[in-house]
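What follows is a single structure, and I will ask about it in a moment.
Every chain is named by a letter (A, B, C and D) in the order it is written, and numbering of its residues begins at 1.
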Amino acid sequence: MDKTVADLASAVAGVRDGMTVMIGGFGGSGAPIELIHALIDRFRATGSPKDLTVVNNNAGNGHVGLAALIEQGMVRKLICSFPRSADPVVFTDRYQSGQIELELVPQGTLAERIRAGGAGIPAFYTPTSFGTDLAKDKPVAVFEGRSYVQERWLKADFALVKAHLGDRLGNLTYRMAARNFNPLMCMAAATTIVQVSRIVAPGGLDPEAIITPGIFVQGVVEVPHPLQEEDLNRARATYPEAAA
Amino acid sequence: MTLKLTPTQMAWRAAQDIQDGAYVNLGIGFPEMVARFQPPGREAIFHTENGILGFGEAPVPGTEDWDLINAGKKAVTLKPGTAFFHHADSFAMVRGGHLDVAILGAYEVAETGDLANWSTGPKGVPAVGGAMDLVHGAKQVAVITDHVTKDGKPKLLTRCILPLTGVGCVTRVYSSLAVIDIQGGRFVLREKLPGLSLDDLQNLTGARLHLDGAVTDLTVPEV
Amino acid sequence: MTLKLTPTQMAWRAAQDIQDGAYVNLGIGFPEMVARFQPPGREAIFHTENGILGFGEAPVPGTEDWDLINAGKKAVTLKPGTAFFHHADSFAMVRGGHLDVAILGAYEVAETGDLANWSTGPKGVPAVGGAMDLVHGAKQVAVITDHVTKDGKPKLLTRCILPLTGVGCVTRVYSSLAVIDIQGGRFVLREKLPGLSLDDLQNLTGARLHLDGAVTDLTVPEV
Amino acid sequence: MDKTVADLASAVAGVRDGMTVMIGGFGGSGAPIELIHALIDRFRATGSPKDLTVVNNNAGNGHVGLAALIEQGMVRKLICSFPRSADPVVFTDRYQSGQIELELVPQGTLAERIRAGGAGIPAFYTPTSFGTDLAKDKPVAVFEGRSYVQERWLKADFALVKAHLGDRLGNLTYRMAARNFNPLMCMAAATTIVQVSRIVAPGGLDPEAIITPGIFVQGVVEVPHPLQEEDLNRARATYPEAAA
């Protein structure tokens, strides 16, 4: 069994028009910038994939990564908790002109819905959002005298994930707070594609410290020195690079 | 002529259907033997409910580490790529549909795919373990079972009589006499022991056996 | 005489109530400043939604690691005993009642404990983050807020007008003028700025202030 | 902050009559034998704690650990998935003579109910047990054409847990498959008491490899060479030791 993929283009080749794609990261930490840019490259060459529904905590920052994906017009709908950032102009403009749909989900509910999708739990109850506009039209139930909102699982066709180390079986570790939504999205997608800084031999990861066991992963591509969104934005980068 | 397959032979037959790279959970007891018969060149990855993926064979007796056991509480070993996780993550793998195959034992299987394998009735101490989870999790849920009970009564039935483990969950039966798929609420015969007539097999089966294409010989080496 | 506390001073006051060993989540913005003012001899452990427990102060500028940030996307540092975990575990800590204190900002707080702090209405891009989770998770949910809006209108009300973040969740308010508990659906005044009369404070408050024991002076150093 | 406790007796001193106590372990792996025996010592000295409701995957094996707790008559009710073992005579006798109540829960549902207790999720839906006797009287709902059973969270007054290494903040690692239910029970109990093989200084555990962050732990006691149930049973041990 070998889940390694030779290059970024092959890694994202399965993403098609209209799919739901979970993209890991919290702001720039744990954001799989190279995988996102590979999707953009294909779209610019072939016109596809487009009409994507993207699940991410945020809505991009500046003009790279998720913001660039949105800027290209590839995203029809965004499911997120916090579509604001230091430079949210790309999402804000499209949202306010009605070019992108937004499903706003409280952050903990978003995480739990994704986990539920991966764990085969179609619905659960949470106190979060009870009595607020975000609970509108959702079933409510009382347990032990307290009111809870029913939330549904969230699944995806693809997950694009950034990890730190990986092996050919798909076992993964993460780097500090870049872990965030990434391990959950690995569980909830039919096909999970991961960029790692280094591929190690099986046994090269401590079995006690593997955060994502390989069963949740379908493809692993090595990206040795991954770009960090924060660094790109401080350098005012855009993707694709502005014409020279 | 083979009168019926031994449990070991049923395990061998079941092992032939496991693809390279498949994630597999083997139930406690006979199904555990499936791991011994992986065809050369194929690498299945075994999952155990108590939180290990990709474990290896039994250790040399005397070298057991009792923190490294499978769901049957038997000692196993590490392999390169083994991963540990807690019970909620383990059953997320099961319930979430991440396993390719689960192979379980059975008291009774119905043509509807219903399975009874956890309780023989109100007597004794009931125990369910992970069986009710496994039947709903894996993409394929196969059963290894004698075709009939010790008293010669059919175990493949139109409806289960014993308490159910799951509804409409079994997809394939490896019996001591035949290989049978469950499709659209029917038993579809795929393989039977050579020398066993279709009529004789039907007489030992508590529900109608349907044909859909050729029935091939179920031939298993002496293992 | 202090006319009103600065946000930094409110943060200082809130910090005085955090016990040694408390698990604390500080909302994005002003509440983050609470961490600076831990009284000597007390060690609170700070939680951030994006999966860190027990992180340290901001790093020296230029040494930031952008994989080591807080929920406000500001760089933080490691400390001995820091632990990382994923978002579902992080919000299990929140929703499961494991935090002792959450300190948040507010647009409006009602005497019922209702909080509005995520949306100023249908204009603009809505964003909620972890606020709706935090208000239901921590054992104490405190708010740091100016007592009145920039236009001088009360932010402490009988009922919130803006979209709610949570119902009946706030237990204490550290305002720019007073410290107020929410108990049994009432604002109970605990401390007020010296020199500010009860009548003047009541006039700046959109719901009745109740007394339950002595009201002490809210005295905060210039921080 | 220092969560370390000097000795086993102090560690379990808070467990009182009638409490619900989660006890970690799967069979003998991860079973906190010394903490259980400390409870037995107190019961034999003081007659308390008794009438306990115990949550464990199993029902004890032989005459040590959980089996010994049951044999002492301290357990009123057991919530478990598999009350069988190589030597289940203690539980079997008491169950068949009506001296102990049994709530049988499918193993994955048991794990998820405990996690839900720890995560503030009062109820969730699972396909497990649908259409079986174990779903009797439970609400059922259909999501996306499939039927699911509603299950409720499970919480406890105390959790007795076995980990491998721990620090004074309560951060824990486990040893191989001894992890099992232990990290979940840490989350679901009001008070979690952990026996570890060694207490290390904060920072002595890799922050990426901490399985239970200290927020879920209230007490840590060092038990340097913990007994293994399997070894005890092979030696036909009993607790307390049979009179010499």
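To be clear about the criterion, a residue touches a chain if its C-beta (ideal position, glycine included) is under 8 Å from a C-beta of that chain, and two chains touch if they have at least 3 such contacts.
Predicted model, so just to flag it, every value in this text is computed and none were measured.
Taking the definition of touch as given, a chain qualifies here only if it contacts chain B and chain D alike; those chains are A. Interface comparison, C-D versus A-C: the higher number of contacting C-beta pairs is recorded for A-C. With centres taken as mean Cα positions, chain D sits 36 Å from chain A.
We define each chain's centre as the mean of its Cα atoms; on that basis chain A and chain C are separated by 30 Å. Counting only residues that touch two or more partner chains, chain A has 112, 115, 119-121, 126-127, 174-176, 207-208, 211.
Multi-chain contact residues of chain B (touching two or more other chains) are listed as 84-85, 88, 91, 94-95, 136-137. A list of each chain pair in contact follows: A-B, A-C, A-D, B-D, C-D.
Within the complex formed with chain D, the residues of chain B that make contact are 48-52, 64-69, 73, 84-88, 90-91, 94-95, 114, 119, 125-133, 136-137, 163-167.
Considering their complex, residues 1, 115, 117-121, 167, 169, 171, 187, 201-204, 207-208, 210, 213-216 of chain D touch chain C. Contact residues of chain A toward chain D in the complex are 112, 116, 119-127, 141, 143-144, 146, 148, 152, 173-176, 206-209, 211. By the touch criterion given at the top, residues 26-30, 57, 81-86, 88, 91-92, 95-96, 102, 104-112, 114-115, 126-134, 174-184, 211, 228-231 of chain A touch chain C in their complex.
Of all residues in chain C, those touching chain D in their complex are 20-21, 23, 43, 45, 47, 53-54, 78-85, 88-89, 91-99, 136-137.
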